[in-house]
Amino acid sequence: MSLFTAQKSETGLRAAQGDLRLEAVTKSFGDFTAVDDLTLRVPRGSFFALLGPSGCGKTTTLRMVAGLEQPTSGSILIGDTDLTGSRPYQRPVNTVFQSYALFPHLTIRENVAFGPKRHGEKDAMAQADQALELVQLTHLASRKPAQLSGGQQQRVAVARAIVNKPEVLLLDEPLGALDLKLRRQMQVELKRIQSEVGLTFIHVTHDQEEAMTMADTVAVMNAGRIEQMDDPVALYDLPKTAFVANFVGQTNMGIGDITGTDGDFLVADISGTTVRIPKSRSSVQDGKVALGVRPEKVTIHGKQPEGAGDDVRATVVDVSFIGVATQYLVTTASGSTWSVYAQNLDVEPESLRPGSEVWLRWQSAHAFGVPVDDDAIAATKGPVVEDES
Amino acid sequence: APPTPPASGGSATTQALPTDVSSTEKIVRWANWTAYLDYDDATKTYPTLEAFKKKYGINATYSEDIEDNDSYFNKIAPQLRADPPQDIDRDIFVFTDWMANRVVREQLVQPLELIRMPNASNLLDTLKDVSFDPGRTHSLTWQSGFAGIGYHKKKVGRELKSLDDLWADDLKGKVVVLSEFRDTLGLVMLREGVDPSGPFTKAQFETALDEINKRITDGNIRRVKGNSYLEDLKSGNAIAGIVWSGDLFVLRSETEDDDWDFVIPESGGTLWSDNMMIPITSTHRRNAMTLMNYYYDPAVAAQVAAYVNYVCPVVGAQAEMEKIDKDLAESPLIFPSADWIKKNNIKGFRALSPTEDADYSAQWAKVVGN
Amino acid sequence: MTALAHTGSTAPAGDPPKRKRSWAAYLLLLPATIWLIVFFVVPLIQLFTVSLQSGYPGNPGYYYRDLNFGNYLTAFTQYWPHFVRSLLFAGLATFFAFVLAYPLAYAMAFKAGRWRNVMLICVIAPFFTSFILRTIAWRQILADGGPVMATFHSLHLTWMLPDGRITETWIAVVAGLTYNFLPFMVLPIYASLERADPRVIEAGGDLYANGFTTFRTVTLPMSMPGVLAGTLLTFIPAAGDYVNADLLGSDRSTKMVGNVIESQFFKVPGGFPTAAALSFTLMALILLLVFFYVRKFGTEDLV
Amino acid sequence: MRMTSAAISAPRAGVSRGRRIKNWFADHFAILAAILVLIYLFVPVAYTFVFSFNNYRKSNITWVSEGSPTLKHWQNPCGAPGVCDALVTSLKVGAIATLAATVLGTMLAFALVRHVWRGRAAASTLVFIPMATPEIVLGASLLTIFVQGFSRFGLDLGFWTITIAHIMFCISFVVVTVKARLQSLDPRLEEAAADLYAGPAASFWRVTFPLVLPGIVGAALLSFSLSFDDFIITNFVSGDETTFPKFVYVSYLRGIPAQANVIGFSMFLIAVILVILGQTISSRRKS
Amino acid sequence: MSLFTAQKSETGLRAAQGDLRLEAVTKSFGDFTAVDDLTLRVPRGSFFALLGPSGCGKTTTLRMVAGLEQPTSGSILIGDTDLTGSRPYQRPVNTVFQSYALFPHLTIRENVAFGPKRHGEKDAMAQADQALELVQLTHLASRKPAQLSGGQQQRVAVARAIVNKPEVLLLDEPLGALDLKLRRQMQVELKRIQSEVGLTFIHVTHDQEEAMTMADTVAVMNAGRIEQMDDPVALYDLPKTAFVANFVGQTNMGIGDITGTDGDFLVADISGTTVRIPKSRSSVQDGKVALGVRPEKVTIHGKQPEGAGDDVRATVVDVSFIGVATQYLVTTASGSTWSVYAQNLDVEPESLRPGSEVWLRWQSAHAFGVPVDDDAIAATKGPVVEDES
């Protein structure tokens, strides 16, 4: 795209190129450590997602990269250029803010042309128009932000950022305020834009589905630290902690003790039921272990199924039809609440109702083991409302 | 053509007087000029007034309301002229002769019952029969005084003797003059050899006016002020100016600085009198008269004069002054002899005709920026 | 007055429909509108009739009904310098008040944190020490013998001052106006900045605008409704003020229309019609300016 | 990319010390400037405070070293004749004007925001124009009517004319303040009240009024401070009634007593303390 | 629950009981008709969902039921009591507002007690406490709304409404402002409350998944009219129009002509491919037809699968991993974009990448036919961003 070819010669920091690196970055507000000794490398041109619960430090991390906040210690580099201590306007970094932060007094075109104008580009307006074309908003160029819908504003915010051809584009929950349908559409759109312009995207979200569909790499953050960082499939398939297992999708959990091994498998006893976990899929090899199995890996049966696999007895508590699939909530013999996800494929679903006695079955190869901690214990209780006060 | 003007001319009071409640409301409210009554700094009270209160059981309140004749009169005039008049909350006010003339002519004051004021006969003979109030039926002199040059000897660093001395370069912007044109222009006219008490011409008046205009434009004069010029002298913004005689002595005692001095310019000074009157709205006429009468007791008058250093209009005060302060009893500024006045070429400002008054006032107002 | 900063805002999308249409409305509005009509409109009409009155020659202070437009002629021809000065001084004061108020309002809105309310009080509280008292305090502080002049003298800088002094010069008058109306500038600007989303200002920095450019291109335009309200609330009273020129200025070179009106009312005999004409002219002039100003900045609904 | 000298220069590590100092100033410029401006606002207040300890003679203009500083004016703030009468007048006028203007203005604000009626635009203009009229014009016009029209109703210049005038100019400020608050009120709250069985009266007193109250209180505070500090209009319509500012102005001509400084500064102090107190109470209630 | 037993004797409208009925209700704003001749019956005690795109008239309908808006024509009844024209505070109806509309100046307890107090109940506070217990917020009773998180506020709004034991509870997108995770939790919660208190719930949403998991009956609204009203499974399984098919879940569509019949099936030609639609599952029986197949009913294969079923050739455009499942976007030979949903069960997914040639297969019994209209044509283009300006 012509928009991203003719790069003006720039000086110093603004010309920095390469991977984004955070080295031992810590940020404290008074006594409180919002980001704790974070080290991170984001390869140039990749789509990187930062996932985590509210207040875990995602925004703070982004703001440090943007230069809107200075780290208490540690440094931030792009390629070999140290950005630490420089001002936002000196960095080859742009942000799409959670609240969009469009300039209310400027038209859409002027909003987008703002950055190029500051660079003294002669053809700022033309560049703005090109960027607006990219987000398919040319026809609204002369409106004011207040006259746009949420989704449109969101796209303006993206255009306003990418028109500057930054080395790194930061997106702070850009879709947080949109409704579900629009959100899914915008996810597709953002991904398209990223692949077209080839910039490094750092995308902050607390929606795990969003992180997984969009990103090349996902980092899961918790209380100022990164718990796990991986590509989406690996992260989902093999979480290293109960926190990750539950934050990234749902996980059925059971707590027990490793009693021995069986070939490539660890054998564990979960409240009387013997289960097997692949050695390579467990981050604990002896003592207490939390077994994890994803709801979609579990099948539900009216009578004990035959063939290989682990299974457990349970009682159906709730059945909900969600269109593409049906979700069963069951209580296992040991008292944990598990959930089973069954696609409404062409096979007629077994007619199970609350109260039915059932057998759950999964392939031992799909189980994983994580250390027992508070998150793991909470997870055995199933998806109930927790107080977030 | 304008319709016939309202009540004017003739001093016969045609208006009904308000009911006097003096006997039930034992108060009298007095509006006067600044530095015009003996004052005790330690107690922040006016000793003669305190004595009056004690003696008559009348609660007298004293307000230094008057900055100059015009501003005070114009402030109260709308109320006095309203139909019906509105109470101005004052039972005595003090105006200079020419303004007293207007007030009396417009019937804005109440007649005095001389029979209730035996001391009034102590008024100096020269003041007894004035053109604006023949027989003193509406007014009684409070003090008389002179306009001349006042300055701080040390700060100026030399003696000032004439108006020209005031316009010296090193005093530029350090000089105040009076907002009463009869004083300021009177002195200038004298300096120019014109007698303000004589039938001077419009041209002569305007020549004097031009002089002041030039001095303001050139920045010699810092401000044209009424009685509050004293503040400028105190704060140091001004160190010399055209002033009223007694004030400089009050300033001396207030600032405990004897370097303040008053002189009659070589070319002569002006003489004026201020008169106590009872506004038409007052309902405490008798109390007011009691007060006037009290201040015409020579002993009281002397006590006042010893503080304010103005020309005392009360016969017998000089004798009383002997008891208080010999020097003051000799002072020509308090007890001037006819000779002294003549020698120093001190003149009154002649009464202006209404048209002259209007014309000159307007011209003056323009020059001083009103 | 903070509320004045709401001027620019167009009705939000969720503006409730104006529902009720009833006698209750008239009951609610009557007392205040009657008050304003009786004590604002009627007096203005009276002022207008006074401005056309003539005085009896030789009887200053007495007037008769007339259609004497000459009073307006006098007001214009004789006192135009005062009008010019009023507008000029008020303009300067508004400018300086803006320059001083903005950083203060900005700091209060974005930097003050928990000190925000304390700062707010600090801006309002001086109102309670009468403004006359404070202006007189300035007069003493700036007096020839005061500390400020002493500093000028010791630094040999008096040449910078007109006539080598501060009081009784235009500098003192403009300084006094600036000082006295500063809170009226601070509060509306603060109110509009406080409403602004700080992220929008950060977005300026993010898009390569340095501090000053961000201010010029983002912060300032966003706070325009507040600036507009603030400049009006400063300019209008400043243009009609006479106390500062009286206490801090000199006799002729710094007098403003307010002083003339005041002295025509209170000092010069027979000045009522002229004073009324001057007042009316001043009001008309200011309303005209306000009208164009508001038109230019596109704020139609000021109340 | 074109090769220029700038492109050749190697990327620097970190940011220089000079730059950092510059950045620090850029970050703190506003707050430093704000502190200076606040100091500027306080200079004459401080002067007033200092001179309240002056053992002044007739006038409190120059510092009298003999006997100063003295506490005697603080011990007897009413010592100067008239000063406390003036203060009381100001407080009374302020209280009545605030009450009346707040009630009238609030009613009008409700009418403007909540009702449709003929002449709303005219009423808005009627509210705006007093704010766009210089005080001196307001004072002058009131003076002409008070002395040339209303005196026949027995309304003499004095306490009531001051109060009437203050109510008049405060109304506009109240309307503007309350209106803003009312407009920012979520209309859904009143609907919720109706939904929860509150009739119009209950809905007003239990929901609308308490929510608009802070705006009304703010308007009242503003009215009081405008009234308390007003000089120009007061001077025109007061006749011989003396408010505190007028007392100060008039006594300026002959020397302001230090008691006026005591009172002026105390009012300032009381205002600050009351607001800080109000704030700590409300913040404590929140937590 | 004791809270809902002792019912005070009440008079008139407030005591109305029975099904909620809307009869030929129309609401116009000026020229614009927001709700168009709507007739509807909601059985007492049921959970009814009103689903539809933004601006279709959902809120307007609810506001008319609540009495916050009066219908232009038609009437609204509860049982046999006509509520039309009465004021909100006279109706036995309560609303949970989209924005919660909690009274900011009252504590949580006072908020909840507001309604009972207006009824002059002596034990208003006790009732409020009981309601708060029901939503598990007793411990926050003395806080102010601003001190609560979004999810907690939402529960307060529910408590504040149900404490009044209304005949009908209206919920206007009560979960719209919550993030995904919390939203799912609150759905469970609301359903639990409804089944506990047994009130009639009318729940407005534009999230179809939400409508389906929660409601007994779902009405799909479009431009002021109800397009279809059914129980969730039926609605999903057998939509009557292309609009419903696409609004309630995704649908793959192909447009063609009915060429004949084959037993219980219609035979249709879709751009050269022959497909079969059960007669009972098609709302058109001849002429043009839009074939619909749900993404989860379609399987994707590297080579043509054997056995019964319809199938079509396609090219993979995009593969996205969403944890529980993988979504494939493909272009069929006829140029329509289809999507295929495959649960990540224990079978290893076929390794398909964009560009792969594939076969799609579905059971003819799962296909359905709807009339060809604009919605149907748009649906063949797959999930792209539309302009909402």
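Labels for the chains are A, B, C, D and E, by order of writing; each one numbers its residues from 1.
Operating definition for what follows: a residue touches a chain if its C-beta (ideal position, glycine included) is under 8 Å from a C-beta of that chain, and two chains touch if they have at least 3 such contacts.
Note that the coordinates shown come from a computational prediction; the quantities given were computed from them, not determined experimentally.
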item	value
Co-neighbours of chain E and chain D - touch as defined	A
Innermost chain by mean C-alpha position	D
Distance between the centres, which are taken as Cα means, of chain C and chain B, whole angstrom	38
Cα-centroid distance, chain C relative to chain E, in whole angstrom	58
Mean-CA-position distance for chain E and chain B (Å)	93
Residue list for chain B, restricted to those that touch at least two other chains	81, 235
Chain C residues counted as touching two or more neighbouring chains	140, 145, 211, 265
Multi-chain contact residues (two or more partners), chain A	87
Touching chain combinations (by label order)	A-C, A-D, A-E, B-C, B-D, C-D, D-E
In the complex with chain C, residue positions of chain A that touch it	14, 66-68, 87-89, 93-95, 97-99, 101-106, 114-115, 118-119, 160-161, 164
List of chain D residues in touch with chain C within their complex	26, 29-31, 33-34, 37-38, 40-45, 47-48, 51, 61-62, 103-105, 107-108, 110-112, 114-117, 123-138, 140-145, 148-149, 164-165, 167-168, 171-173, 175-181, 183, 186-187, 215, 218, 222, 225-226, 228-229, 231-232, 236, 244-245, 248-249, 252, 256, 260-261, 264-265, 267-268, 270-272, 275-276, 279
Residue numbers on chain A that touch chain D, as the complex places them	7, 9-13, 15-16, 75, 79-82, 84-87
Chain D-facing residues of chain B, complex	34-35, 39, 41, 44, 61-65, 67, 78-79, 81-84, 86-90, 226-228, 230-231, 234-235, 254-255
Interface residues, chain D side, partner chain E - complex	186, 188-189, 191-199, 202-203, 206-207, 210-211, 286
